[in-house]
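Below are two complexes that have chain A in common, paired first with chain B and then with chain C.
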Partner chain A sequence: MKYYLKKILGFIFTILLVSIITFVVFQILPGDPAQIILGVDADPAQIENLRATMNLDKGYVERYLIWLTNALKGDLGVSYRYSRAVSELISESFFVTSSLAVYSIALTILIGLPLGIFIAKNSKKKITTGISMLSQLGISVPSFCMGIVLISIFSVNLGWFDSIGYIPASESLTGWFKTMFLPSLSIAFGSSAVLARYIRVSIANQQKQDYVRTAKSKGLSEKIIMNQHILRNSLIPVITILGMLVADILGGSIIIENVFSLPGIGKLISTSITTRDLPLIQGLTVYLAGIVVICNFGVDILYSIIDPRIKTKR
Partner chain B sequence: MNNTTKTVLKIDNLSICFDINGKKCHAIRDLNLTVNAGELVALVGESGCGKTLCASFSMGLGPQTASLEAGSILVNGQDMTQADDAAWNTIRGKDVSMIFQEPMTSLNPLMKVGRQIAENALNRGVPKAEAKNKALEMIRLAGLPDANRIYNCYPHQLSGGQRQRIMICLALINQPKLLIADEPTTALDVTIQAQVLEIIREMCTKTGTAVLIITHDLGVVSHLCDRTYVMYAGSIVESGPTAQIIQHPKHPYTKGLLACLPDISKKGQRLENIKHSVPPLEKRPEVGCIYANRCNECMDCCTQITPQRIAFGQREIACHKYTLDNLEE
Partner chain C sequence: MKQNRLKKYLSNRNFTLGLIMVSILFLLMVVGFFYLPADPNKIDVMKELLPPSRENLLGTDQLGRDILSRVMVGSRISFFIGFCVVICGGLLGCTLGGAAGYYGGKIDSVITKLIDTQMAFPGVLLALMLIAVFGNSVQNLILALSVMSVPRFARMSRSGFLKYRNSEFVKAAKVKGASDLRIMILHIFPNLLQELSVTATLSFSGAIMSEAGLSYLSLGIQPPTPSFGKMLSEAQNTILTAGWYVVIPAALITMLVLGFNLISDGLNEIYRH
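Right after this comes the complex of A and B.
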């Protein structure tokens, strides 16, 4: 219980810190939001008026505290650009981004996990060198670049998928599946290569452990030793990587959503930054930080499921 | 091999080499060792003299960098010299088992210890429920209280001594013909060492399992083992009934090892030691007695001619100091 309390306190602290940093950074950025909304030719008195209603005339600390108290009540403010509640905007695009993230993580695991195990099992065969080179490629090519390559192959030349556009799952499940495939694959390509490498190294490390020798001394076949003993032990360090990949994938989705014109959080972030839409940026960063922290929390829980040593430490 | 005493492990003229910078270096040279059914045998020697390597090869678990140059290994009458993993898997854990030096790391940290014991029986086609009962029975036999609780423990919840007992259960659940115990008590508290050895002896006597105990401590084996092999730098220098070796050591190395043991009669005196240490593989002489540079009874011939084994009674010794004539006197 104490463990969870500590986790939750850390959770709150992280989000608070993130919101403060975003707020401070935004104060340093040049550009007056009121000016941007009203345009360059606006009457100075009008601008002053708007600044007052937007609380821009108050001090930094006071403005932050106003935002914080409202946020605690669930009110993240109103977007300057869209003139709509921030929470509403986020919840609209949330499904797109979260499904993109889940889709890419699923693809990452589906590709990376078997690949890593395969490389580890066949480390002495020639085919492994080829796969290793391919995974090197996957790590070094950025996801947006991969996205463009995939579009040119599968949309332009083969015509299997549409290059842009988004079909909500509520309209057509197969349509959603199809439109999200290429963006997810461009993210998963790199992250599954990273995952495969970590799994390979992790398995190689475990194979040297004493308990593997014990398992061999029981006369167990290599397959049983791998499946019953090595794999689960190898997953422990890999889970950490998976947690980090989630944050990576969320960051990557900002770019990928722009490449594939998906109406997600990433799209929202890039427009909110160019229009100096502070309430929206503030809301989005806190939101994303929350997701990352929750994912890490999930990783911790996964740990305790896999590794019994962690339970007793609590 | 006759009918009354069956040999469970027979190592003949075994030589094992490591390739060091393109040069073949002997880690084990011309080693002979037999363990008969139901017998307790000790293999004694300093660290780095090849005891564990010898044990690993007797389980087919030798390192891939080591190569078997000559000789043969017979386990339970079966020639395993050229056996591959699949062939070894048919007898490993069933006819021959092993306990390792490091109880802290020898168990899978993510699997309940009971399951790890039962796994060995399951692997031989024992039904699940029966395997569990057998494992519980083994835990009880090993003197661990509350077998049901222990069964569901993970290794980190047990102490070193308890884990080593689990290893013993794991090794003996299929009632093997031979148990190889590689320094089973080295990593344990002194207070636990005697207990664990006693459990090994007791459980093996019950199942009729022969034991090959590998140790660097002559004191450990003195009251436990029927026969002792003294090993130095990859070769057996002296072997025979334990009592005879302890009371009348012949080889200077055996004498040296015994002199190193603390003893109540030596109270107040400085403890003996053997000068230098076991030479590294690449520096071992090809001819002559390998112990010559550390021997305090070294003669001229020792560095030039490799001593041959001489058998007398139940003992064997390889040293230039002895000939058949002066031994029998």
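Right after this comes the complex of A and C.
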């Protein structure tokens, strides 16, 4: 119980820190936000009015507290450009990004897990060197380069997929599945290589453990030892890696959504920056960072349920 | 002795392979300071999107500019940004991590918590936020990417300083009356140079990758200055008419990132054995 309490306190603290950092960064901004919205030749009275509604006449701490309480209620302010609530804009594009993330994670596990196990099982064969080189390549190719290469191969040359454009799942499920495949694959290419590497290391570590020697001296076959003893134990740390990958995948999706013109949060971020739509950027930043913190928190909890030893370790 | 050491480095396959990849581009860049096949910014509408030929070894882009010349000039940005980010991020990260590891206690928990919190901002998000606030310029890009690379350096140097702070030679220096700063810089830091080189090369590739990504989004290096990321987005627009163009920037970015990653991997292997 003490473990969970500590984790929850840490979680709340991190969320607070994230919100403070984001808030402070946007306060350093040169110039008066009210002036920026209304333009240079606005009426001073108007500016004064807007300053009051934006709480700009209050102190930093007070403004932070107002912003935070509103954010917790789900009110992240109003976008300059769209004149709509930031939370509304986020929730509209959230589905695209979250489904891209889930899709990529599914592909990552589907490719990375068997690959990692295969490399670990055949660590002495020559083919492994080739696969290791390939996984090194997978880690190094930036996901947006991969995306464009995939477009060039599968859409332009082979014509299997549409290169850009998004079909909502509500319109056509198979169409959605198809449009999301290449973006997800370009993210999963790198992350599955990372996953495979971790699994290989994890299996190699487990192979040195005492229980493996015990199983061997008991006369169990290599196959049974691998499948029933080693794999189970070596997959536990993989959950942590998946938690870390969530952050990577969300970060990667910022660029990937632009490569494939998907109307998700990443696309929203880049347009909000080119139009200097500050409330929107601030809202999006806090929102994405919040998701990452929540995911890491979830992974920690999940980890302690699967492997209770972790609770006593720290 | 020196030759032996060189042999040890070159006999590592990852290191050598990475070094070759990086050197090719580095040489291209150096040659570019003295000789360019054509003016990289000269627009010629008669020569739009010509495939590679003897006259334009890598072809021409959508404005008829010679791609090879643009690559030679564009690699300057990649190396320059990578170099500056490693220096700035490394200085800041090592200082923070060093203080955390050496002093421990409250300083350590504050710095560690800050670094952990920074990890909550995924990928280029933090850089994007900084660029949004401070505006789009090369200095701000370097600042943003440096901040992004701080956690990696800080973690490395924190664990290093933690490892050595109670060692015999540090105790001896303390007895002799050396100041904390002197111990940290002259006694502990030199022991971390090997790990530092691994982290630095990894950060180098990370910075190049992020710069390319941001320039691809038109939020990094601004045209007409050629950069690989921007070339990639221009090439994507002409992917239907000139499919070969997109291969060039994609391959170059990958080659640089892969090259530095391989060097980092290689160094890691060499130092461990």
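Please note the rule applied: the second predicted complex is superposed on the first by the 268 of 314 C-alpha atoms of A that agree within 3 Å, B and C clash if a C-alpha of one lies under 4 Å from a C-alpha of the other, contacts with A are read in each partner's own complex, and residues count from 1 in each chain.
Simple rule for what comes next: a contact is a pair of C-beta atoms (placed from the backbone, for glycine too) under 8 Å apart; a residue touches a chain by one contact, two chains touch by 3 or more.
Since the model is a prediction, treat every value here as computed from it, not as a measurement.
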Sharing chain A, do chain B and chain C clash or fit in the superposition?
fit
Determine, for the superposed model, which of the two partners chain B and chain C contacts more residues of chain A.
C
Identify the partner contact of A:P308: answer first if only chain B is touched, second if only chain C is, both if each is, neither if none is.
first
Applying the touch criterion given at the start, work out whether A:S140 contacts chain B, chain C, both or neither, answering first, second, both or neither.
second
Contacts for A:S270 in the overlay, against chain B (first) and chain C (second): which applies, first, second, both or neither?
second
Taking the superposition as given, does A:R232 touch the first partner, chain B, the second, chain C, both, or neither?
first
One more residue to check, A:T14. First (chain B), second (chain C), both or neither?
second
Once chain A of both complexes is superposed, is A:K218 in touch with chain B (first), chain C (second), both, or neither?
first
Least C-alpha distance (whole Å) that remains between chain C and chain B when both complexes are overlaid:
17
How about chain A: which of its residues touch chain C in the complex?
13-14, 17-18, 21-22, 25-26, 28-29, 136-137, 139-142, 144-145, 148-149, 151-152, 156-157, 163, 247-248, 250-252, 254-255, 258-259, 269-270, 272-274, 276, 278, 281, 285, 288-289, 292-293, 296
In the complex of these two chains, what residues of chain A are touching chain B?
209-211, 213-222, 224, 228-229, 232-233, 306-309, 312
Can you name the residues of chain C that touch chain A in the complex?
14, 113-114, 116-125, 128-134, 205, 209, 212-213, 216-219, 232, 235-236, 239-240, 243, 246-247, 250, 253-254, 257-258, 261-262, 265
So, in the complex, the side of chain B touching chain A is made of residues 59, 61, 85, 88-94, 97-98, 100, 102, 105-111, 116, 119-120, 123, 154, 156-157, 167, 170-171
